[in-house]
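Shared between the two complexes below is chain A, which has chain B as its partner in the first and chain C in the second.
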Partner chain A sequence: MNQVELLFYGGLLIVIIGLLGVISRKNLLSILMFQELSLNGVNLVLVAGSILHHNYHGAILSFITFIVTAAEMAIAILILLLLIKKRKTLDVTFYSELKG
Partner chain B sequence: MSELFLILFFPLVGFLINGLWGSRLQEKSCALIGCAFPLLSLFLLTYKTAVSDFYGVSILFTWVSFENLTIDFALKLDHLSLLMSFIVLGIGSLIHIYSTKYMHGDQSFARYFSYLNLFLFFMLLLVLANNLLVMFIGWEGVGLASYLLIGFWYKENENASSGAKAFIVNRIGDIGFLLGIFILAFHFQTINFDEINRAASTANASATMINLSALFLFIGACGKSAQLPLHVWLPDAMTGPTPVSALIHAATMVTAGIYMIVRLHPLYMQATAVLPLIAVIGTLTALLGALVATVQSDIKRVLAYSTVSQLGYMFAALGVGAFYPAMLHLFTHAFFKATLFLSAGAIIHALHGEQDIYKMGGLAKKMPWNMVAFLLGSLCLAGVPLTSGFISKEAILMHTYSHSHSYSQTLTILLLITAALTAFYISKTFFLVFLPSKNGSEKPLHAIAFAMSLPVIALAILSIVVGLFHIPAFMENYLNLAKSITIKEEAHILIPALSLSLSAFAIAIAYLITVKQIKIVPKILEQKFYFDHLYEKVLLSTLRAFCKRVLATIFEVKIIEAAIWSMRDLVLFSSRRVTLLTNGQIQWYVLLILMALSLLMVWWFYV
Partner chain C sequence: MLKLHLLFCCLAVASAVVMLLVRHPMKMALALVATMLNLAIVYGLSGAHVLAIGQVLIYVGAVMIFMIYVVMLLDIKDSSLVRPLSRYLFAAVVVLLLIAGISYHQLANTVTTQTLQAITPVGDMLSFRQFSEHFLEEYWLHFELSSVLLLVTTVAAITVLNFKKGTESL
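What follows is the complex of A and B.
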């Protein structure tokens, strides 16, 4: 297995770990962190794809992801702080207003 | 459509008119309608019988048609059913006339007459039926009419429950009757009386089937004719109006069981295993009824137990194969028991509803005509010579004595004891009611209208007349029932001598007891042999315990409720599982999305 493949599968693994974390964690902060993790994994996969195909599309896309993630995080942390202020908890099981 | 249907349907018309519009009519017009239709039937029957013999079968329509079983809605008039029809319509009409005064002023006058007409319709249907199924309609119908009339004054709780008791006890018998019909239909492919009787006499008829069907039909007869152990309803049926007791619970309906067995007597003659049972049950019922009657204080209950006892006599006769004496006793008993009931009714009416014989007395002077009627009825019941009761009772006793079985001597002795007891209780009642005594109340009597005295006197005269001349002998030839017994030589002298001396002795004792007021009464008799207790303690309490312990706790809780709750649980469980899909948790939605995505990917890559 060469380096590129390692990068690709490693990134994929991180994506999956991140998604599983998003699904299984109950704390909203952890969920956000796992989400960041999976986005990082996505970036790795993008870079690996870029190397594999010998172009820069993947690399450029990974930078866009960075920016979007940073902006998203800025808003997400704010929402998080407001939730703590309002509900005094970060446990997602208490946030079930979508329940049908 | 023959005139037979007219005769049958006239009372039904009366029932419909009084039942539908009776409440808007005057009492007089109700009475007129109620009496007119039975009388019309009676006159038509008499007229047709007089001018031509119109015996035969008339079919209204084919009711049931299977591959090998065809049942017509058919009526049959032969000697037997003609005789019964005359009893039903004759006594019925007289009792209708009597009722117009007895029920005078009652709130539900029209209802009473509509029920009475309904009863006559069903009784005629029972009597004239050509097959067992048509008879069964009548059989159920008279049960219904009886129930309605026993509970006629339904506002009293006791009356309503007596009606229910009669209905329920009869229902037990009716199941037997129905099973009997099924067996006959199954085995002979017919339920037509003549065809059954013909088939039963042939060699290839199965003895088991004959015995079984005879047994089940006899159970039905036990219910309707108040035989042991289904007799308990009849004494309670006395809560109905007295004319009803006379018509339904003495003269006609309760004899339906005997009539049915006589109708099927060729079948019963083949049922060699059932006949002894009938004889034993009849004798025991006769004895127990007479014993209980000796201690009753209510005049109507005395007569009711007397009826049970006399019906037992008839069954004893049927059981030894003496069908004609049973029919003769039915005939004479219908007259003299109706007389007794109607004059008892007049006494009760005159005494403002008093029924306790120990509170009566000295009525001989106040109601001489009634006294004569009651006396004639009592003499018939006690079996005094020259009365009709004597002839029929002696006939039964002689046939039982001459019967070839080993137990017939025992039966004869028991029936002789019953005869003595009968003489005892009826003479006791007569002495208490009519002889002067200090118990009699001084209240002025309620006047007895002519319309009430007339039927009583007419029936009293009839009950003597039917035993006179050659009427019994004529009837024997006329009915022409099968005979299996030749009366032994010595029976002609021995039986009358024995029964007369025993009866005379009993009457003497009754006189002494009522004059000297000695009260030696075993408790077992006062408690009517504990039959009601037995049913209450054993059957009802078992049933109640069963209901409470098994039905209420196990069946109700474990099965019915469990079934309902488990249905609820199933619905809740499944809907909870469905709502899990939309539990409001984003993570869960994400998981679902991911799972769907993975499935799609798998599909995309490998399919």
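What follows is the complex of A and C.
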């Protein structure tokens, strides 16, 4: 197996595990962590693509993803803290008002 | 070198599987940190040193520290921790197996033997100097926009923290 293949398939596996966690868990913080895991898998695939095509675009996009993730997490964690403060739980089944 | 790649890729995937198996968020966070560190090593081995540093500094150093702070505020008797799995587990497994199959098929078509043979050695293509030069020459607008994004995030965080009681709708 080539290095690029290894990175592609490793990234794919990590993305799938992350998505499985996002759908199967009930705790909001766990869902956020699995989402991070998925993003890590996506970054790995981007780097593999960058090596495959021998250019910088994938690696730079991956770096920009780091910045966007940091910004996203700052807001998401504040919202989680507000939810803990108001409802005393992070169980997603208690937050179903927008379901219709 | 490929053996090291394989070792750390396997360790990253194994830590991700551990995340699925454990129930407590603190153990999950530690498994996620292990995955991120293993991925940082994989980036380093691939020659993408900037990404390896970014992975350790931004993901492990900033994002996961935030996460661990929140875990400390959690109630261990929370219903989502006592029964962590949702009722969509079976559907999720079926759909994701399907997605994995399709993605594998697409990847196998994209990463053919011919494309792999055409790969030139990475060398210092993703090294700190080369990466920085290309990033700041071709992607300077993205760089500036990301600084604006971080500023907006700071303002949003302050707004959320100053959430007035009269406007609460949670």
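FYI, the second predicted complex is superposed on the first by the 100 of 100 C-alpha atoms of A that agree within 3 Å, B and C clash if a C-alpha of one lies under 4 Å from a C-alpha of the other, contacts with A are read in each partner's own complex, and residues count from 1 in each chain.
In this section, a residue touches a chain if its C-beta (ideal position, glycine included) is under 8 Å from a C-beta of that chain, and two chains touch if they have at least 3 such contacts.
This one's a predicted model, so the numbers in the text were calculated from it and none came from an experiment.
Undergrad: Record, for the superposition on chain A, whether partners chain B and chain C clash or fit.
TA: fit
Undergrad: Return first, second, both or neither, reflecting whether A:Ile23 touches chain B, chain C, both chains, or no partner chain.
TA: Both chain B and chain C are touched by A:Ile23.
Undergrad: Answer with first, second, both or neither: which of chain B and chain C does A:Ser96 touch in the superposed model?
TA: After superposition on chain A, A:Ser96 lies in contact with chain B alone.
Undergrad: Just chain B (first), just chain C (second), both, or neither: which does A:Ile84 touch?
TA: second
Undergrad: According to the contact criterion defined above, which of chain B and chain C contacts more residues of chain A?
TA: In the superposed model, C touches more residues of chain A.
Undergrad: When the two complexes are placed on top of each other via chain A, what is the minimal CA separation of chain B and chain C in Å?
TA: 5
Undergrad: Need the overlap of the two footprints on chain A, from chain B and from chain C, as residue ranges.
TA: 19, 23-25, 92-93
Undergrad: Tell me, which parts of chain B touch chain A in their complex?
TA: Touching chain A: residues 579, 581-587, 589-591, 594 of chain B.
Undergrad: Which part of chain A faces chain B closely enough to touch in the complex?
TA: So the residues of chain A in touch with chain B come to 19, 22-25, 31, 92-93, 95-100.
Undergrad: Going by the contact rule at the top, pick out the chain C residues touching chain A in the complex.
TA: So the residues of chain C in touch with chain A come to 1-2, 5-6, 9, 12-13, 16-17, 19-20, 25, 28-29, 32, 35-36, 39, 42-43, 46, 48, 50-51, 54-55, 58-59, 62-63, 66-67, 69-71, 73-75, 78-81, 83-86, 88-89, 91-93, 95-96, 99-100, 103-104, 107, 111, 115-116, 119-120, 122, 125-126, 130-131, 134-135, 138-139, 142, 146, 149-150, 152-154, 156-157, 160-161, 163, 168, 170.
Undergrad: Show me the residue ranges of chain A that touch chain C in the complex, using the header's touch definition.
TA: Answer in residue numbers: 1-10, 12-14, 16-21, 23-30, 32-34, 36-37, 40, 43-44, 47, 50-52, 54, 56, 59-60, 62-64, 66-71, 73-75, 77-84, 86-93.
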